[in-house]
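Okay, so subunit A shows up in both of these, paired with subunit B first and subunit C after.
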Partner chain A sequence: MSAVTAPRSEKKPRPGGTLYRGYTGMWSWVLHRITGVAIFFFLLVHILDTALVRVSPEAYNAVIGTYKTPLMGLGEIGLVGAILFHALNGLRIILVDFWSKGVKYQRTMFWVVIGLWVVLMAGFLPRQIANIILEVNGQ
Partner chain B sequence: MATDVATQAAVPEVQAFNITLIIRRFLPEIDEEARWESFDVEVYSTDRILDALHRIKWDQDGSLSFRRSCAHGICGSDAMRINGRNRLACKTLIKDLDITQPIYVEAIKGLPLEKDLIVDMEPFFAAYREVKPFLIANSSPEPGKERRQSIEDRERFDDTTKCILCAACTTSCPVFWTDGQYFGPAAIVNAHRFIFDSRDDAGDVRLDILNDKEGVWRCRTTFNCTDACPRGIQVTQAIADVKQAVLRGRA
Partner chain C sequence: MSTVDAPRSPYARTQRSGTNWEKWGWMYMRASGVVLVVLIFGHLFVNMVAGEGVRGIDFAFVAGKWASPFWQVWDLLMLWLALIHGANGMRTIINDYSSSVTLGKVLRGAVFLSAAALIILGTLVIFTFDPCPSVSPEQLGLLPSFCPPQ
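This part shows the complex of A and B:
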């Protein structure tokens, strides 16, 4: 009887138990939560800076002006990415709940969401990156 | 003798492997908290994780504790987390796993850990009992007859009759991990089995129980339960059916 020995892994096991691995359904839910919380904090700041226009237009312009930096440009990429995923996956969840075949096609719909996200980001990124480069050169 | 050799040659030798199992141990008499322990064990390609656990318990460390009864995927005793996903140890073939890496085995998550791979199932069964998982009928069948049901009516809840109450679905649910008050997929599956049964008359009672803050609306459709079910029950579909029934106000 010939026995094949499996090589030992170098990784240290986690003391608190392994992370549940799940499939696309669980990870889309995790992403939905993370993007949801991130968008909430953006909206909080966004409401405050927009409300400044009632204080004085000059104060509003000053604050909005500070956003026109390359760092904020990168942040905007994250923001658009988060909103697009949250919006598209939100439609997927609505279909899972209210379309009779939604549960059956949930995994396909997840990949459709990812596909649409890539297409929309591909349309947005060149323009945004060009703007960031302009800002870097302008300073 | 010649026939013996011939028979032996005809039966192909089953290949043996040395695999490493890393098991999350917890002995309440000794351990303050759970720890990982590694075991090397020789298994055949036809073996299951349960066989490897037996070999460890019988030949290496008798203190290793786990539940199992029928060992054939019917009793629902040996649900555990194998390589990070809930599976029945008796239905998981070692050859289907990546044996070049150690195999991680730990107790199911979200129920109190009692010892090694054994958890306290009481909160799970308490949720099951709460949905009244038994026939409640207002009328009796004709004397000497069974309650009749059409094939179409039987079909409505066929999927949810397969549940073996192993808790693989409930303990794969991220909502259940953080909120132990949630009924959990298994209780909803077993409520579904009676809500959509034409012979049962208490569907509205069960819909009312599940239209709770901790009822079907806690489901976030992560589909972990459907992926974990060893009987292939479309658990998330069953929960969706119950959600729709609550909205309609009837099964």
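This part shows the complex of A and C:
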């Protein structure tokens, strides 16, 4: 008679290591909420500032000029970081929900999200940091 | 004589009448999310990375984009999809954390009103925008280079 192999979960129990409680599953959920709320409030402001193009070129340029200051430049790094995480983790959530192996690989996918986030931030940061330095030097 | 279900009969969902809005909200978050990843990554690349990045954004830059129906449609889709996605996400969070029924209603109402107002405002701005408005002489230099002389 062939031996029956025990399910993987019985071999190595992880307390609280379910999909949404503890570890990466929970922290990605927490980060998804925090970044989502932050992006929502930025979106409200961003539509209002863009609407100034209907007031006058002068009014729009004056307000968009504040987006180019060094302090706002740092804020934009945070904003882009939040958007990139929310976007990539959102794709991970979709795969958890719709891909037959999504639950099995949710932890791996979390680290893929972090990896892609680092790569995309590395693509954005040189331009943004160069702009911040130019602004600090008053150029 | 009434019959009794066989023991251990499988669980059956209670049938509810009407549309399951929570389900469609759940579907919307995922469908709009995929589209928004493409739209917003493109938006961030064109505005924040390509060319001069944020330093290149001014009235002439926006006018140059919205002179083309391609970017008008792009930004219109972003506006509607993102605001509804964000407002529905805020609704979920309010439902999870608001401690009283009244507070929940007030907060959901505020989210709904701000999202609706900004969707209307944004849509009007995109469709009524004139890349070459008549301006005072000192603002002529702020217009995009393709505008005819005034």
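The rule is short, and it goes like this: the second predicted complex is superposed on the first by the 117 of 139 C-alpha atoms of A that agree within 3 Å, B and C clash if a C-alpha of one lies under 4 Å from a C-alpha of the other, contacts with A are read in each partner's own complex, and residues count from 1 in each chain.
In the analysis below, a contact is a pair of C-beta atoms (placed from the backbone, for glycine too) under 8 Å apart; a residue touches a chain by one contact, two chains touch by 3 or more.
Because the structure is predicted, anything quoted here is derived from the model rather than measured.
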In the overlay, answer first, second, both or neither for which of subunit B and subunit C A:Gly138 touches.
neither
Of subunit B and subunit C, the chain that contacts the larger number of subunit A residues
C
Looking at the overlay, what does A:Ile64 touch: subunit B (first), subunit C (second), both, or neither?
second
Output check: A:Arg54 vs subunit B and subunit C. Expected answer is one of first, second, both, neither. What do you get?
second
Which superposed partner A:Phe40 touches (first subunit B, second subunit C, both, neither)
second
Just to be sure I read the superposition right, which of the two partners does A:Ile83 touch: subunit B = first, subunit C = second, or both, or neither?
second
Tell me the contact category for A:Asp97 with respect to subunit B and subunit C: first, second, both or neither.
both
Both subunit B and subunit C touch subunit A; at which residues?
93, 97
Which residues, counting only subunit A, touch subunit C once they are in their complex?
33, 36-37, 39-40, 43-44, 47-48, 50-51, 53-54, 56-58, 60-61, 64, 67-68, 73, 76, 80, 83, 87, 90-91, 93-94, 97-98, 123-124, 127-128, 130-131, 134-135
Can you list the residues on subunit C that touch subunit A in the complex?
30, 33-34, 36-37, 40-41, 44, 48-49, 52-55, 57-60, 62-63, 66, 79, 82-83, 86-87, 89-90, 93, 114, 118, 121-122, 124-125, 128-129, 133, 135, 139, 142-143
For the complex, which residues does subunit A have touching subunit B?
1-9, 13, 15, 17-26, 29, 93, 96-97, 102-104, 106-107
Name, in rising order, each residue of subunit B that touches subunit A in their complex.
13, 15-20, 22, 24, 33-36, 42, 81, 83-85, 99-102, 104, 106, 109, 172, 174, 220-224, 226-227, 234, 236-237, 240, 243
